[in-house]
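The chains carry the letters A, B and C, assigned in the order they are written, with residues numbered from 1 in each.
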Amino acid sequence: MLELASNLGQAPKAEDLSKSPLSIRGLTVSYGQKPAVFSVDMTVEAGKMTAIIGPNGAGKSTMLKAALGIVPPVSGQVQVFGRSLDEQRARIAYVPQRASVDWDFPTRVIDVVLMGLYRELGLMGRVRAKHRATAMDCLARVGMGDFADRQIGQLSGGQQQRVFLARSLAQGADLYLLDEPFAGVDAATEKAIISVLKSLREAGKTVVVVHHDLATVNDYFDNVFLINTRKVAEGPVAEAFTAETLQNAYGGRLATAQVDQLAKALA
Amino acid sequence: MLLDALLLQLGYNATLVAIGATLLGISAGVTGTFLFLRKRALVSDAVSHATLPGVCIAFLLMAAFGGDGRNLIGLLLGSAVSAGVGLWCLNWLTRNTRLAEDAAIGAVLSVFFGFGVVLLTVIQTLGVGRQAGLEGFLLGSTAGMLWADAMIIAGGGAATLVLIMLLRRPMTLVAFDPEYAAARGLNVSRIDMAMMGLVMAVTVVGLKIVGLILIVALLIIPAVTARFWTERSDRVVLLAGLAGGIAAYIGAAISASAPNVPTGPIIVLMAFALFALSLLFAPNRGVLAAVLRHLRFQRRVHLRQGLLALATGQPIYEKMTLRLLQKSGLMRADGVATEDGVARAAKALRDEKRWEIVRADQSHEAAAALYDGLRAIETVLTPDQITDIDARIGGPKGVAS
Amino acid sequence: MNGEEFVPLSLTPLLIGVFAAVACALPGNFLLLRKQALIGDAISHVVLPGIVVAFLLTGAITALPMMLGAAGAAIVAVVMIEAIRRLGKIEPGAAMGVVFTTMFAGGVLLLEQTDTSTVHLDVEHALYGNLESLIWLDATGWSSLWDIEALAGLPAELPRMLFALIGVALFIAVFWRALKISTFDEGFARTQGIRVEALGMALVITAAVAAVAAFDAVGSIIVIAMFICPPAAARMMTNTLEGQLGWSVLFAVTSAVMGYVLAGYGPLWLGAYDAVSAAGMIATVSGVILALAAKFGPCRSRTGAPAGA
């Protein structure tokens, strides 16, 4: 029995949990009667970039949304920097999928970035010059400084994604959670986003990304978390991102040739 | 008295009205189903409100040319024309501007209705004799209906029903999957138009019975009611027709037998009663069934997670999990697993390991897709296959499974 | 027209119309962007049963119980819509259709069963109100505006509508930023700790307050029109939320003033003697404005906005 247990991943020790920017325990989320995420544990390592990887419909985004309280879980506990989510809201920045909002909404780029300052401004606080400067600075960091006064509907997909990233930068958080930021964006945007994320890591922040491109995992990330309804593997890329774990996560859905190719790339 | 009405013993007109109302209820239920499946239920609200200016203009025109302004056929024709104009405006707004359909619906219904109200006051102030009665179109009034009018309604209801029978197949296809229908060579926009034409026909026929404000209820409520009972679109159509027919028939009978009970509202309330019963008690989609199912589901999730935690020696934090484990006799009050609990936990863990193998194996792809953390592996694999997998696991022997 | 005629006969209905229009248009902007435009439609239908129930309970037509009854009905309706939508997994449009038609039908039936012949309460009144009758008989001219005694004779609807308008405007002003964020990106709003559901409910209740206050004076049809048409027209004029709000207020005021004037004097210009329904005419004018904006508005189309904007 203990032999079997070793394959299911060890439970992190209690003292590790308190330091982790995001720890999830026994999380089950279900749409209707079929769990999309079943009994998942996750412990994010501070100051690292972690990719959440898995096949389509494996529950990657769902897990993230449940961890943030956007969708209600059936069971499970989430701790952020060792405290409850509500106590630590200010320390988390979340970048949703681009398609989750109506880009026809009547607002400008700068307004979207200023939304990131909500907790600082509060309900009625006036937007002052320094807030505007912060927002402009965040836009410049993602290479969108010239677009501040554009209507958001006029942006390309990649530009929209960068505006979302700028909004999360404005929050000045310690933990960044991004849902598929590289989906359907141009190469320039991908480069801009990854360089911003790396600079965040350099500044000691923690970054978690729902990711779908297996080929770039090695270049971009320190840690991976493989999920397919259940957790498949978790740890540093070199250890947890192997042909075997990929086979376990993707099963029949990943062509053998693809796995071999990736395995070669990994070796 | 009510029994007499239900048995059509209340005289010729009341009988005609009851039959007309029933036919209307069936037509509305069936037509509304297509709208509902197409997620455009409230379009009918815009269509029905848009009839008012047409009714008034028809009245004014007929009166101006010296005829009887209250000629029902003329009024209904007018209402159909202005409903058509309203529908055109609605489509134009959604297609050519950034407005979503709900805003376009609201705009059309309020503006057309407002304009109709203006025309109503014009009619009132013109002092044309016998103008009274147009208000009846708002809420329907079958009291004191002329024999000829009752005939028109019964005939109109029957004609609409025949049209629906003729168009039901292409409409089902379009409502269910418009893209597939287009690929099959059906002209989707024309069928949509036919669908809207039927909505207009139902509305126009229903004006006199339930009135333009409430006709939308007959188009929506029976369809929603029927949806609770079946997943098959052809059965939804039938059941919606049935629900609409029953509501209209009983409503008309009550209205005919009791004083001060206007036909429209009582029919709507009957329809709602059927809806409420379905919402609560329908076997699969009903609220009661869903609540029970969810509680059961939550129990299964917690029990399973608890067993896995027991098997791997992890601490359990969730109170609900602890309570369920104890209640099922799998864990003692001090948190130690019972004998039964140990066995069940081992089995759960072993199944989990089996699933792991299955899911990593391409030859089991179909079975692997069924994994959701709860499904028992015995339900997707044969005992031989399981033995085969167990051989691959190796692992501890002698665990009762 | 001089003050002696204008102030007593037209000033108060005109002001009430303008206040009602703006009070509805303000929350309408957010309802429109949240694809909940028809909540306004639903609310204005269920006001009738609320008022009838209030009448049955109190036996009199007085303002406060009526307002409470109507507001209560609006809340019941919204909760029922939400319950049916979630519990029955029914799309919101259909759930709305089920609820407001049923409640309206119940209201009509109650009304028919009750002896309301002694009081002024009927379906027609509920639908198109009676704006023209809200005159200020104590006024003799512009000077009456400074005459305490005359001011005491103002129709009660005027201060009531003004308070409703102030309340609505305050709500929008206080929650502006939270409303904007949660309307644009609900998931993000949640991560910022904004209580999205509570805010959404508060918005609907605010809309209900506006609807109930306006309903008493101008009937429900104008309420639906003002919830939707001015914001929808404003949507075609600008690409900022602030701008949209401004335009919608302008359109609401224009509809109210032009509608009132056309209803009162239009028929005279055409050679007829009697005025037509002001509420109906206001709704009609707002429709004409919407049509013009939809045809010529600079930001009318969905994809892309004009160059240089």
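Things worth noting here:
Assume contacts are C-beta pairs under 8 Å (C-beta built on N, C-alpha and C of every residue); 3 or more make two chains touch, one makes a residue touch a chain.
These numbers were taken from a predicted model, which means no experiment stands behind them.
For the pairs A-C and B-C, the larger set of C-beta contacts lies at B-C. In this view the innermost chain, defined by its CA centroid being closest to the centroid of all protein CA atoms, is B. Comparing the centres of all chains, each the average of its CA atoms, the largest separation from chain A belongs to C.
Taking each chain's centre as the average of its CA atoms, chain A and chain B sit 38 Å apart. For the pair chain A and chain C, the distance between C-alpha centroids works out to 43 Å. Chain B and chain C have CA centres that are 29 Å apart. Listed for chain A are residues 104, each touching two or more other chains. Across the assembly, chain B contributes 98 as residues in contact with two or more other chains.
Among the residues of chain C, those touching two or more other chains are numbered 235, 302. Interface residues of chain A, counted against chain B in their complex, comprise 1, 3-5, 7-8, 11, 25-26, 28, 30, 33-35, 38-39, 74-77, 104, 228-230, 247-248, 251-253, 256.
Interface residues of chain C, counted against chain B in their complex, comprise 32, 35-38, 40-41, 45, 84, 87-91, 93-98, 101-102, 104-106, 108-109, 112-113, 123-124, 127-128, 221-222, 224-225, 227-229, 232, 235-236, 263, 267, 272-277, 279-284, 286-287, 290, 294, 297, 299-302. Chain contact summary for the complex, chain B toward chain A: residues 98, 293, 297-298, 301-302, 304-305, 308-309, 311-315, 317-318, 320-321, 346, 349-350, 352-353, 356, 359-365, 368, 371-374, 393, 395-396, 399. By the touch criterion stated above, chain A contacts chain C in their complex at residues 65, 68-70, 86, 89, 92, 94, 96, 100-102, 104-108, 111-112, 115, 118-119, 121, 123-124, 151, 153-154, 167. Looking at the complex, you find that chain B touches chain C at residues 36, 39-42, 44-45, 92-93, 96-100, 102-103, 105-107, 109-122, 125-126, 135, 138-139, 213-214, 216-217, 219-221, 223-224, 227-228, 260-262, 264-266, 268-269, 271-272, 275, 279, 285, 287, 290.
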